[in-house]
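First the structure, which I've put down as structure tokens, then a few questions once you've had a look.
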Amino acid sequence: MSVIGETTLRVRYAETDQMGVVYYANFLVWFEVARVELMRQLGFSYKQMEIEDDSFVVVAKASCIYKQPAKFDDVIRIRTQVSDSRKRTISFSYEVFKDGVDSLIATGETLHVICDSKGRPKSLPDKYRRYFPLTRSANATTTRSAHR
Amino acid sequence: MSVIGETTLRVRYAETDQMGVVYYANFLVWFEVARVELMRQLGFSYKQMEIEDDSFVVVAKASCIYKQPAKFDDVIRIRTQVSDSRKRTISFSYEVFKDGVDSLIATGETLHVICDSKGRPKSLPDKYRRYFPLTRSANATTTRSAHR
Amino acid sequence: MSVIGETTLRVRYAETDQMGVVYYANFLVWFEVARVELMRQLGFSYKQMEIEDDSFVVVAKASCIYKQPAKFDDVIRIRTQVSDSRKRTISFSYEVFKDGVDSLIATGETLHVICDSKGRPKSLPDKYRRYFPLTRSANATTTRSAHR
Amino acid sequence: MSVIGETTLRVRYAETDQMGVVYYANFLVWFEVARVELMRQLGFSYKQMEIEDDSFVVVAKASCIYKQPAKFDDVIRIRTQVSDSRKRTISFSYEVFKDGVDSLIATGETLHVICDSKGRPKSLPDKYRRYFPLTRSANATTTRSAHR
């Protein structure tokens, strides 16, 4: 149902640490790359969203589960999808693979709040709603919230 | 009960992004800095732990909740503690403050597996156990697991 | 004659690469940290210079000579000075030491152009001139330029 | 005469700073990416060179001249060539373009010493000499050195 974006990148020497593997914070950098590419694949430019619509996709939560190390020069493939979409928030989920062997090396999630350039939360502009249709559970929020 | 380490650092220009705030992945870098300082405050050097005891504190999970932005030149204070300690794993929790105003700007957690230099999980060497006493729930794991 | 600023920092795990030493680009990050600290030691805040005076110290050239590696957890000391100061440009030079042993591990230089927030070159505002007095050779530029 | 490698990459959000442009140290990261790609285009894998031949291309000098800013989401093209090759050292030069407009935004150079995994200088292994033929001036070093 949901669009799944795919991004590939090659591990940079700069991204490794003295354990000989990719430093853990860099997975969040890759998530950002994957997120921006997903938006391009959905049909719009995140760069233009910031400039033209004063709408910033600000990170409110991020998490990553590391299963296997990534190494220098590895080709990494990231599958990204919108896991939740509400009036003012969007969540993405990520699956990180080592290309060729197709082994899942990490998964992650990020939750974002739409803000203006001053950092004030705002609703996602209507023109972007078609890329981020409200998730069903979000539609049902009012009726279901009592059960939480 | 648990030791709480404190680390301060000043936000680098390099750590900001074009939103004018600290890029989100850098909080995980700060967690690493805080973790290493906590170990020093506990009484040992993580550097020596790697070299002398072939024991690497490898990240298996990381998460961060972002509450307020950090900005260039801010002095950041991180309170770190061991939130869980088991035979082969250690968890840390982090609270990130903007110094002076004492406002909590982020919280985070990381879970680590002790590994040798080849990435194979191993038990935490005995000499480090006094810094990471087994958490009570860990002692009671077998009896309590049925209730989860 | 010239003020020499001193900054110390501890090498982060994030700054190492799989060679087991600090990745080369990070020395330029340290130069930035040292530059900002020199300005603070000179008597003003670079952060405020950007905000209050719409003056950005934009890098036009950077170089570094690497003599010895820096390693994780090393305490690094950087001695910084203004090596040249003209109407619209400022140059800094850096000496990087490993603390304790006092061995010089790297040297570097950066040349900067004062710009407004739109990236247009401008003269250094008068209020900052006392921190960056024109270097003698700069005063003599017109008469000496024929000899170059 | 010399082989020119080409690499393209897209500017990451992580690479920008609060000036709204790419932070200057990241150009050195790009140089590393471009250098590794040039080696691949020359016919070998730098990763394997480290693993199989205990030969590390260690940076001894790096410089960059910044002409125009690079911005988020820009596609960057880097032309790389071996500018000098001697018994134990290799130099690379880099030209950084903004794709599409073909404007040169930066140039750079790096000088490297071949070292073993312990950081001791060594000669470039013979099997790599065909990728890095001795430069003419290097051949003539002894006779010409008196004139320097």
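Structural remarks
Going in written order, the chains are labelled A, B, C and D, and every chain counts its residues from 1.
The rule is simple: a contact is a pair of C-beta atoms (placed from the backbone, for glycine too) under 8 Å apart; a residue touches a chain by one contact, two chains touch by 3 or more.
Only a predicted model underlies this, so the values are computations on that prediction, with no experimental measurement involved.
Of all chains, the one whose mean C-alpha position sits at the greatest distance from that of chain A is C. Chain A maps onto chain C through a rotation of 180°, based on Cα atoms and reported in steps of 5. Looking at C-D alongside B-C, one finds more C-beta pairs in contact between the chains of C-D. Centre-to-centre spacing of chain A and chain C amounts to 36 Å, using the average Cα coordinate of each chain. With centres set at the average Cα position, the gap from chain C to chain D is 24 Å. Chain geometry summary: the mean Cα position of chain B and that of chain C are 32 Å apart. Under the contact definition stated at the top, the residues of chain D that touch 2 or more other chains are 13-14, 19, 21, 25, 29, 32, 72.
If you sketch which chains touch which, every chain touches every other chain without exception. Taken together, the chain B residues at the contact with chain A in this complex read 19, 21, 24-26, 28-29, 32, 56, 58-66, 69, 119. For chain C in complex with chain B, the residues that touch the partner chain are 10, 12-14, 29, 32-33, 36, 45-47, 72-73. Chain A meets chain C in the complex at residues 13-14, 16-21, 23, 25, 72.
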